[in-house]
Each structure stands twice: as structure tokens, then as C-alpha cells.
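The first chain written gets the first letter, and so on, giving A, B, C and D; residue counts start at 1 in each chain.
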Amino acid sequence: MLKRRDFLKALGLGGVGTGLGFMLGESIKTPATNLIPYVVPPEDIVPGVANWYSSLCTQCNAGCGIIVRVLEGRAKKIEGNPHHPVNQGRLCAMGQAGLQALYNPDRIKTPLIRKGSRQSEEFRAITWEEALSVLAENLMKLKIASNTEKLFLLSSVIRGHMGHLFETFMQNFGSPNYIQYDLFQHKELIFANKVSMGINILPYYDIGNTNLLLSFGADFLNTWLSPVNHSLGYGHMRQGRHGSRGRLVQIEPRLSLSGANADEWIPVRPGTEGILALGLAYTIIEEGYYKGQDINEWNKILSPYKPEMISELTNTDNERIRTLAREFASARPGLAIAGENAASYTDGVNHIIAVNILNHLADNIGKTGGVISNPEAPIKKTQSLKDIDALLRNARAGEVETLITYNTNPVFTLPHNSKIQEALENIPFVVSLSCFMDETTAHADLILPTHTSLEDWGDDITEPATGYNTATIMQPAVSPLYDSRNAGDILLSTAKRLGNRLQKNMPWDNFRDFFIESWKTIYEKQRHTYAGEPVFEDFWNKVLTQGGWWDQEKRTHQSIHFIKDNVKRFISSSPSLFQGNEDEFPFYLILYAHSGYYDGRHANLPWLQEMPDPMTSVVWGTWIEINPQTAGKMGIREGDLLLVESPYGKLHVPAYLYPGIRPDTVSIPIGQGHKTYGRYAGNRGSNPLDLLPGISRHETGTIPLNSTRVKITKSSEKGNLVKMEGITKEFDRQIVQTIPPYERRQN
Amino acid sequence: MRKFFLFSFIWVATFISGYWINTSWFSDKQPAQPIAFSHRIHAGENGIPCLYCHIYAERSTAAGVPGVQKCIGCHQIIKRDAPEISKVADYWERKKPIPWIKVHNLPDFVYFSHKRHIRAGIDCNSCHGNVAGMDVITRVSSLKMGWCIDCHMSHNVKNGRDCWTCHK
Amino acid sequence: MSPFDKLRVNGKPGYQTSPLILSLSKDEQRYFQLNKNISYKEINDDVIDAMTRTGPLYYVVLAIVTILTLLLFFLPWIYQIKVGQGVTGLNNPSYWGVYLVNFVFWVGVAHAGTLISAMLYITRTQWRRSVHRSAETMTFFALIIAVSFIMVHMGRVWNFYWVLPYPNQRTIWTNFISPLMFDVFAIGTYFLSSLIFLYFGLIPDIAAIRHRSAGWRRRLYVMLSLGWRGTDREWYIRDKAYMLFSVLIMPLVVSVHSIVSWDFALGIVPGLHKTVFAPYFVTGALYSGFAGVVLLISILRRVQQSSAKYITERHYDRIGITLLALSLLWSYLTILEIVMGLTSHSSFELEHLRYKLLNPGFAGLTALMIFSNTILPLSLSIRKVRVSITCQFIISIFILTGMWLERFLIFGTSLPRKFLPYAWHDYHPGWVEIAITAGSFFLFILMFMIFMKIFPVISITEVKEEWTDS
Amino acid sequence: MSRFLDKLFARFNIYREPGYYGKYDYKWTIVIDLDKCDGCEACVIACHAENNLPIVGEEECSKNRAFNWIRIERYVEGEYPDVRVKFIPILCQQCGKARCEVGCPTYATYHNQDGLNVQVYNRCIGTFTCATYCPYDVRHFNWFSYKWEAPLEQQLNPDVTVREKGVMEKCTFCIQRIRAGKDHAKDEGREVTDGDIQPACVQTCPTGAMTFGDLNDPESRVSQLAKSERRYRLFEDLNTDPSVIYLKRVMKQTKQ
């Protein structure tokens, strides 16, 4: 029978068996998890059911209305606000990526103060009281030494109450130097419209109802002015109206996204868009389409622009100019727009005025489908504004004691030889109000983190509006993630610490009170228009749920009359000046805003970094577009690293063979090349703005983007071009099938 | 050779018994909760309806567990000094939520909507068992896919067998 | 001086053959110098010595091969399971890469085993007798590796059992209309039947060496030989069963590899969606299988002295003829496939072929494939080449690489060039794939070496029948 | 004993075969007007936000492993002066006779009553068959278990699972929105009306090029658009019966 040794063996085996059985049972159990309830359940949160909050999209200056899906206090999805007149429920790629600005891992979490020298970029976290007392004490020093004008406030383009608050703070503090600076500020467009049509608010370009749209270098579907509204118009122009389909002709040296959708692309020589517009205007006059009395005066002005004379200069054959002019004049209503590319030449204003003349002569101004004026904004627009050049001059002269920057990044968006870094060096005290550690904030001494747009109060007066006043309200969808504050709160609390005049004129203790109070004054002033809402609270709830305030009925059309005499000054017969002589620097350099990074501010959003560029499908980097024929002649293959040299800077960029660009032109997108902007944007790609001369235009004080020529040489290393496309030939596989237009009109 | 078979039999028997011990005595059907809350007293004797505490069951996918405020609402007056209820009061002072242990734990790729089932007239007891009679909440049903499919089959739910009805 | 001179028989260079080759003509018999005086005892001693007498060299080689298999096959696989399939070179359009090539390659190599033992058993050819055991083991091990490659290429291998149609509480069967389900059944039956076929052949052999071994071998052989006493009745039943099995396994060979080809042919990928795929793959399988057998027995002759005596030039002669026939058939089918693509006037096929034939990377590989699979084997038509073992060895290595390349060119060039040109992207195998491919060959060698020391590689009964049938 | 056997066999015959339905409850369809689509890729980012698509980084993008359930394909014709660029959004066509449903061995992708080709993430074992058979290359594979850095994971949509490594995924016509729309309609006791449900890409398309609706309902916006003479379907001759209908782009032919 069983011996003792066998019994012990059996016992051991049994033990092992039970243990293994137990472990098996343990392993297939789902791990126990907690079910944490609320202590005091908030009444509006139902776990599993989403709330929608309407707010404002601040990804670019178009000011579309958005609704944010919030589930248990977390923002999940941004969509267009269906009631909002600008974007009618739609949203562009940048708008959708606004969420990643809120939940970005590289946001600044607490106020920081500089530890080492400016180059070392080390910061120490401090509390808000400490930070505000440092700021207030510095400003108090200025007030005592009574050189209050030594305080400069540099902010991005802010319309609405935040700009109003900034301006009142500067006035009460006693400094006239409030500067608004953005790379794409459309200052040339505003100046040209002011000179030629006498309006100081951007007009509404009614793309939806036009029959022929001449777009002079305007990437209106992608980044210019209000892309979503333009896209809606474009969709309506093409297939919205039964039976009639609008045509789009794009006139630009580099084929942009809008150009790709055009029916015809005229690759005009860079810098001669204005001259081509005047050529068209001349043909309209010559062929008698213009019925105005001062016809012979216009004839005299436009005489040097006969199509035959300008065809060689603009590199387009004159027959094409004539047919286009006839079509444009007879396309009741036609519309000609001058976009970012046309405005970025050294004499950008001349090009825009030429296009305005063309619109005037083809009688498109003030008509539906043409250029419609917008009424005056309800909130007083900030007037006394200086330009970035003033800041640079004063800083170099040592006039600037303290500089407060908010939400703008001039160190990145200004070229190297405008010497912004040297200017910042001799400003003793720089304060930066920003959410991310971008280049300008890295140079600051004191960094105060501000809310991103989804956790903040604010509003915006849409400019260009859609023919009537539109104000969009930005309300916080989620409670703030980190220890950041509203920029208005920061200024108001410093005003309180600075005491007497400032405290008296700015009594509100936070931005929200100021914001609601000023809306109450607007509501009192224009009571007759809100007959529906007797009490302010009801009006305010309606505005918050609807996402803003707009009334379609109040379409006061200022009648625009064209001012002919001060237009003569701006008619030039020579193409725009490009730095660098012809033979040493053979290529024109065209810079354009990337559809994802805009002017570099969205480079730290991973969705936009990984979004394939619409025209080249390149992701996570910069590239230079070069014509395949010229590349073939120079022996350049796709992806080779090129050394791009201009008289002012050098750049290493991989090449992309792009058939949609003139042989004598190359173009690089703006947006990459950040030094310190978080893990997604840090030292990735290169910044083409360093190639530009720093000289700014005298009329508007902005830096022209297309103003230099470059030289291309192949460099030895292998470029890193990451492309999502395979081969863009269709091999007649009927993938994108087309119908010729005339056949449509027959049936 | 006979010994070999004997040993292997012993080993298999102990293995099965070890597994049985684990699933019966150490099972996760009845985890210990931080506070010995008894459904029998609340729902059974005092007849408090389910939806009084689990308010979200009719409006959303998750049924929701009552916040500490709801407990304190009654227990500020009723039997303040009882040991378990003083624990609730302690959580209330410290403003800390009560860390209940989840008994009915579905994997997160499952889409189960309480709202749909309640509005289809399914009574809470059919899945959670006779909660009114339980002192400590125990999981009576396996919450496995086969069990859900049986119920959907017997009620012949429209699209009841479609994967995406319950998966996410 | 060829290495076989050691086998000089009464002064004349040559080799032993069995007289009972009725099919041989008079001068052939003279040419092969038949000799027959080998006794049973000598055969038994040879085989058992081969199995038991293991020199230190064997253990050294075994250690190296195990390390290499671990290092190249299992560790990269575990790394891939842990990190994810991203470590390979696969990308969006070309999802099936080197793993599928290996899977088809190893299933192809597996087919020759059953072909030799089953088909030639039915036709009563004599020369299969000493070769068929090693062929069957090659089938069995190649199938194990093929199944392991299905596991390697699977994304979530820990749920592989969902492919098997077991009754489950989720009330979901697997998708029976999917070619991969055909694979599961086909390769499952083929695996079992080749195992049983191998085992049937082994029973009398194990019985023969059962009493001559000791220790664990003895217990193992006693159990495995199922109490075989060698009575006439047993022999009668075994031969009947063996014949029945080889008849059954014949359609299996053809069906398994045509099903493997349907994994690709039933989709509508331009390069793969062709009706010629089933015969093409079956021919390719037999072809690479035969080359594999040649390779195996040549190495076996080198490693084991005893097997050198029994696998003679005559076997090589016959195998060479079959190789030549298969290579001609395979070349015809390849040209057929390419011409069908060229004359199809559909831009999908043309772009695929342009990518395959004109692309600098693949044109070289295609040329190498054509050279090693068509041009080189033509030299087998010369008897001198057919009979010399080293020539056949080199030719079969070329054929194996050629066949591996052929499958790589089918997946490597058709998947990157599918329907939408915008989504075209090239495919370059990553280091994990190359390591696992190399590792699979060492795994095969490892398994074969272990098998060589446990079971007789040359089937004793068959050889006895052949040699002593005077 | 026989009761047990009956129960066992009863279970077997309720096993589901991957069958094709004759009549669908709904036939969800997207009509894409290529004359309106301007290739701005708003739909691509909206899809990323709605369906928890991971970011794979530069190195993985160079291996073409980015996750774009919907991508804009660009075909360029002609040489420098008269360059013609054509955009087409490519997403899963939810084919009626789908090649992927034939291929999948574990029944992880099948055709449900809504006329959608559904991909069940936790049933997939990653044999790549569906992606190889798909003629439109719209299936994407989770090569790794991707992670979202620090607060980014708070943006994840709870209605869609985050897929682990080894699972194939594709556009689902935002099936979580379809389910929510049906849920909402059932709460209000009415049928799902046209325009009730919109996938993320259709909802955000700035030019209004995409329209979503039920092809079975003749009054729906989709059915009207589908009657236009410009309609065509991608690779019609492959007989996959796709539910995405494209409207031809109006464009002057290049001078061949």
C-alpha cells in the first residue's frame, strides 16, 4: 500500500494542485474597481448625458461660433454653432483642434519667475500673490518716476471687451503705447479700403451669390479672413443655386488650396497682380461696359495698362486678359478679391486698390454677390493703436521700461534682422501673459498663465461680419484645469494694487463683472432693438444659450462711393520690389500660412501636426515647393535637403516637387521652426520668416512676406520629408470622375 | 504505473477543489464595502424606491450612486449615533466621497444603457436579484455575454443579436 | 576523389543497389553495379548506431542551433507580441508581408513529404523506400512551422482560439465563408493525417529496435509500438491501412495548397485575384517540397554514415527527373500568370506588373527567381548532373530561394500597388521579420536533429524489403 | 439527461451565421458632392476628435501608419501651366457586398440591419485579411497600444472604445451617433427623421459637400441627391455595392 514517502509526495502534489486551482480562480476575476460618487452632486451634470455649451472659436480671427460637448465636466467635441450667422454650424480643421489647446500637456501650470539669465530660460514657480506683487511693484516704480509712457502693452488682435479693458487700463495708467500685433492682421486691406472706398471696417465679400469670382492671390477657402464663411459661400456658389454655377478664376504665382478648386488658374508673375487687375479694368473701360460719367478720366488713368503692353510684364497672353475682362464685366454680379498673397508684397496696398478699382468699374460694390459694407460695431473699436515698429524703435532707444505681452509671439513671427531679440534684451522687465512656453514667453522675466478659450469668459465682434452686426460670447465650458487666470482679472487685480486713479476708474473685481456690466450698458442703450427681452437677465440667458447676439434686420448699408482722386497716388506701373538682385538670387520666394499651423500658433497641437497638408500631404515638418521642371534642370529629387539662401538668412528645407508653381518661384509654408513650444512643435522644421528683410511698410507698419529673392543649392545630407501620399496620378481609373460644364447647360 | 495514475488523480482533484474554494469563499460577488450599507433595511423594510437614490437610471446609461449629501439628508436626524451612520457623518464633515466597491462591473467596451432597459419595462430585480432582501449586495447574475444573449433571445428584442447593440 | 570512394566494393568504385529493379534495362543494371549482400542484422545495427551513438559534435551543433532558434525565432516573436506588430516593416496598404511568405513557403515544403510517401507508394516505385521517412518528417515539421507562422502574423495571438469553431456561451460561430476558415480545416486535417501516416510507418521500425534499446528509450518504444509482434495478420492490416491512407492523403495535398492560394485569390487585389493561383501554388508547393527533400537527404547523407549507404545516386537520378518535370510545369504557370496580367488591359494589373518587373528593387529579384527556378533546373536533364549529389544539392538550394522569392514577389508587389494610387506605399521587411524567418529554418533543423536521435530516419522495414528481397 | 441535450442543441441552432440581409431597416448613405468639396480636411480632424484616433508621431507616419478613417485623396493632372487638381474624400464605403466580410475568419466584421459594415473591435484577432481584401484601403491597424499624454486623454469620447494593439478599425459612419439618434428618437416615441443623425465629418464640412441620410426613405435629402445625373460610385465595376455616392465634379476636360 502507500509508503510514507509516497504519502508525503501525494501531500506535496495536493498542495500544489490546490494552490494552482486557487490562482486560476484568482486570475480570471475582473479587478475590483471603486465607484466614487459625488459628495454634493451638481444639478446640471448627469453622468452619461452630455451638456452642450455655446462659445467662441479663437483659433483664428474669423470669430466663428462653436458649441462644445461637455460630458461630466470634460470637453469632448467642438462643433459649429448652428445658429451663428458666420459659420452656420460648420467648422474648419483648426476650429476642431481647439480641444487640444485646452488639454495640451505642455501648458504652463503656475506663475513662473526667471531664475538664471535670459538665455538660460530657467524659471521658478511662484504663487499668484507673489507674482502680482512683483508686477504691481514694478509698475508702481514707473508711476513714481512718472515716466508712465515707458510701459508698453503688446497683445494680439482682440476685438470686444478684452481689448476695451486693455485700453482703459493703459489710459488710466497714463501710457499711450497699446500695440496690437499679429502676423496676419489684414492692415493693408483695411488701409486700402479706407483710402479707396472710405470705409474703415472690413466689407463682406458675398461669395455665395456671385457668378464669377476673380481671386487675386486669396486663399479664401483655407486661411484668409473667414475661411468657414467663404467655404459656405463657395459651396452655395457652385451647387447651391439651381441651374447656375459660379466660376472661380485664381490669379496667383503659387497654386493655393482655393486655386486648386478654381476653374482656371492664371500663374501671373509675382508682384504683378495689381497690374493685371488694372489691365482688366482698362479692357472694361475700352469695351464700353462702364457707364459712369468720369469714363474719360478713368481712360486717362488706366491708359498705360493696355493688355498688349502688360501681357509680357505679367506673363499672361493678352487675349486671355480680354476674354476674362469681358466675362467679368458681363457676369452680373462678379466679385474680385485681393487676398493675403497679393497684400504681402512690399507695395501690397497698390495691388488691393487696383482690385478695388476693378470692382468699382465692374459695378460690384454695394450689390449682392459683390462687396457689401458692414454696419458700425456696437462695442467701440480700439482706435489709438501703434504698430510693432514703434515698439522696436523705442526698445532700441531704451525708451521701454516694462513690456507686457499677451497671446502673441513676435520673436517667432518677426524676421531675424528686425532684431526683435536685441530689442527685448534692453527692456529691463518683460511680463508675458500666455498659456504656452513659446519663444516670446521664454524671453520674459515673469510669466502669468492665462486661461485657454474653453475655460474663459470673453466676447468678439466679428469682423468682417456678414452684412449685419454680430457679437459672439465666449463662456467657460469646463472649469480651469490649472492655476491660470483670465488676462482681464490679472490687469484688474494689478489696477487694484496700483491704487487711486486706476482703482477708481476700474472698480470691478474680476473680468466677468466688467464684461456683464458693459453688456448691460449696451443693452440699456439699444433697448428698442430687443423688444422681445424686457429684462436684462432674460436677454443675457438668451445670448448665452444662442452663443451671441445678432439681428439680421438691422442691415444698414452704408452706401460706398468710390474716392477717385486719392486712388491715383497708389497706381504704380512697375511690379513689386523684391530684395536681392536677379542673377545671384534667381527665385522669387512666396510665403503662405499653413492650413494647420496658421502663423505658427497651432504648431503645438498634435492633430494639426499630423493633418496631411491639403496640397502636398506632408506632415510633421516644413518643405519647399519647387516646380518639377526647374528641379529636373537642377538635378533635385523629391526629399533632397536644399539650402535656401536670401540676402538676409539661410535655411535647410527638404524639397517637394509641386507642379502648381511657376518655374521662377519657390514657396515655403509658415508655422514650423519653433525653438521652445512644447514636445510637438519644439525644434521641428524651419521658420522661413528668417529669410525676410526686416523693413516694414510706411503706410501700415507691417512686415511684407513676399519681399525677397532666394538662391537654391542642393546640400549633402538627406532631407526628412514625411509624406502621406502615394502617387497622385490617376492612371485613368475613373476615381474622380468629371463632367464638362457646357454639357450641363444643355440639358 | 498504478502509482502514477493515483498521483495524477490526486493532483487533478486538489486543483479543482482549489478553484472551487476560490470562486465560492473568495468570490468577488460580494465585496466588502467601506460602510455596511444594508439594502434590506432601506429598500426592504422602509420601502424606499430604487430610483430615489439611483436617480440617473431613467435618464442615462449609468444608474449613478447617491452622493453623500443624499445619505446625510435623512441620517442627520435618523439614528445619528449608530456606528455605521457616524462613519457617513465623518465622510460628510471631511467632504470626502464614500469609496464604494463596484459589484456589477461591466468591461468598458460594453454599451449597457439603464435607460433603455427601464423604459422597456425590465424590473431592476430581474438583473440585480432581490436587492430588497440583501444585507450585503451580491451579484446574482454572471453579467457575461451568454447571459445577456439569453435574455435578449427570450424577449426577442429587435436587433438584439446585433453585435453593435451592446458593443462600443 | 569523390567522398563515396570509401564505399569501394571488391575493388571497383560504385555503390550498392538492390537487384530487384525490374524496370531497369540491362545496360542500366550494369551501369549501377548492383550489389546485394547486406544482412538484416547489419541494417538493424546501422540504424540503432545512428540513433544511439552520438558524438560530441552532435551536442555542440544541437546547442548552437537551439541558441540560434531561441535568439532568432522566439525572442523577436515575444518582443513583437509585447510591443505590437508595429516593430515589423508592415504598413497600410501592404499588410501581408514576410510572415505570409514564410507560411506559404513552409506549407509548400511540407507537401513533398506526403507526395513522395503516398503517391510513390501507390505506384510501387522502389526508389522511394529509403527516402520516404525523412520526407514525411519534413512534412510534419514544416507544417508545425507553417502553423507557428500563422500565429506569428496574427495581431492578437492570445485570442487565436476564436478561429476554432468550439461551442461557446457567446453563441457565435466563426465565419465559415472565409478562406482563412478553409485554411484552419485544411491544415488541421493535413497536420493530423501526416502525423498518423508518419506514425503508421514508424510502428514496425520501433518494434524492430524495441528490445535492442534500454532505459527511457525502451519504455518509450514499448509504449509507441502498440505491442507490434510482426505477425502476418498485423502486416496485412498495416499494408491495407497504409495503402488506404496514401490514397486518402493524395487529394489532401492538392486541396491544402489550393486553399492556401485561395486566401489570396478570393480577395480582389489586382496581383492576387487570378484563377491560375490554385494549380500555380500546388505546383510551386510540390516543386519546392522536392527541392527540400533533396536538400534534406543530401545533408543526411553527409551527417549519418549509415544513411549514405542506403540513399544512393539512383534515388537522386529519379528525384532529378521529377524536379525537372515540376520546374517546367511551374515555369509554364508563371509565364501564364504574367501574360494573363499583360493582356488584361486593366490598369490595375498593368501597374502591378510594371511595379513587379520594371521597379529596380524587384526586377533583380524577379530575374533571380526566373534564373533559379527555370533556367538552372534545366541542367537536370543531363544525367551526369542528375546523378552527382553536390550538383543536385546546389540546384535545390537555388530552387528553394527561388520559390521563397516567388511568394515574396507575389505579396511584396501586389499589395503595395492596389486600386487607389494615392494609397500606394512600398514595403520593406523589418529586422523582426528577417530574424523570425531565419529563426524558422534553425527551428526546422533543431526539430529534425532531435527526431533523428529518437526515431530511425531511414525506415528499417522498407530498406529490408528493398535490399534483401533476393 | 434528454432535457440537458435539448438545451444544448437548442443553443447550437441559435448560433448566428454571417448571413446577408435581404431588406435593411435603414440604408445609411453619404452623398459627397465633389464639385463642392475643396479638400480642406476639416472632416479628417473632426473624425480624429470624435472617434479617439491616436497620434502616431513622425516616424510612424513615414511608415504610412497614420490613422485617417477619412482621408482626402488628391489627383493632379497635366503639367505646369494648366494643372488640374481634383480632391476626393475616401472613407469606408460600407459596402453591401463587402470583400472584408468575406475574408474575416472570426466574424469580427459583418453587415448589420442598418446597412453598415460593422467592425467589432474586441472580436478582431488581427489577421489583416479584411484590410488586404479592401479595394479602397480604408482599414487601419493598431500597430501599438497608443497612449495619450497627460491631460489629452480627458478629451477621449466615452461612446467609442479606445482600441488596443492588434485590432483593425475603420470608419463606422459614427455608429455611436446613429445609436444615440435612434435612442433619442425612441425616447420621443417617433421614427428617426432625416437630418436627425449626422456623422462628425458631415456635420462639420464647411462647404456642405457631404450629406448623410437613409436611402430607404425616398423623401430624404440623400435620396434626392442620389437621383442627380452626376452620381457615380467608386469602382462600381468591382461589384462591392458601396453606400457612399459621389457626385461628379464639373470641370473642363484637359486638352488631350
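We take it that contacts are C-beta pairs under 8 Å (C-beta built on N, C-alpha and C of every residue); 3 or more make two chains touch, one makes a residue touch a chain.
Just so we're clear, the structure is a prediction, and the values are computed from it rather than from any experiment.
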Review point. Which chain has its Cα centroid closest to the overall Cα centroid?
Key: D
**Study point:** Selected interface, A-B versus A-C, where C-beta contact pairs are more numerous
**Key:** A-B
**Study point:** Per Cα centroids, the chain farthest from subunit B
**Key:** C
Revision key, fill the gap. Whole-Å distance, C-alpha centre of subunit A to that of subunit C, is 65
Exercise for review: Determine the centre-to-centre distance between subunit A and subunit B, using the mean Cα coordinates as centres, and give it in whole Å.
Suggested key: 52
Practice item. Please compute the C-alpha centroid of subunit C, do the same for subunit D, then give the distance between them in whole Å. Key: 43
Check your understanding: When the centre of a chain is set as the mean of its C-alpha atoms, what distance in Å lies between subunit A and subunit D?
Key -> 32
Revision key, fill the gap. Shared-interface residues of subunit C (touching two or more other chains) are 93, 171, 419-423, 425
Practice item. Identify all positions of subunit D at which a residue touches two or more other chains, and write them in rising order. Key: 14, 16, 64, 71, 73-75, 110, 123, 235
Practice item. Mind pulling the residue numbers of subunit A that touch at least two other chains? Key: 48, 725, 728-730, 733, 735
Point to revise | Touch list for subunit D against partner subunit A, complex | key: 33-36, 38-42, 44-46, 48-50, 55-58, 61-62, 64, 66, 68, 71-83, 85-88, 149-152, 154-158, 200, 203-209, 229-230, 232, 234-235, 246, 248-253
Check your understanding: Tell me, which parts of subunit A touch subunit C in their complex?
Key -> 725-733, 735
**Study point:** Residue numbers on subunit D that touch subunit B, as the complex places them
**Key:** 14, 16, 25, 110, 112-113, 118, 120-123, 159-161, 175-176, 179, 183, 186-187
**Study point:** List of subunit A residues in touch with subunit B within their complex
**Key:** 6, 9-10, 13-26, 29-30, 32-41, 46-49
Study note, to complete from the structure: So, in the complex, the side of subunit C touching subunit B is made of residues 168-171
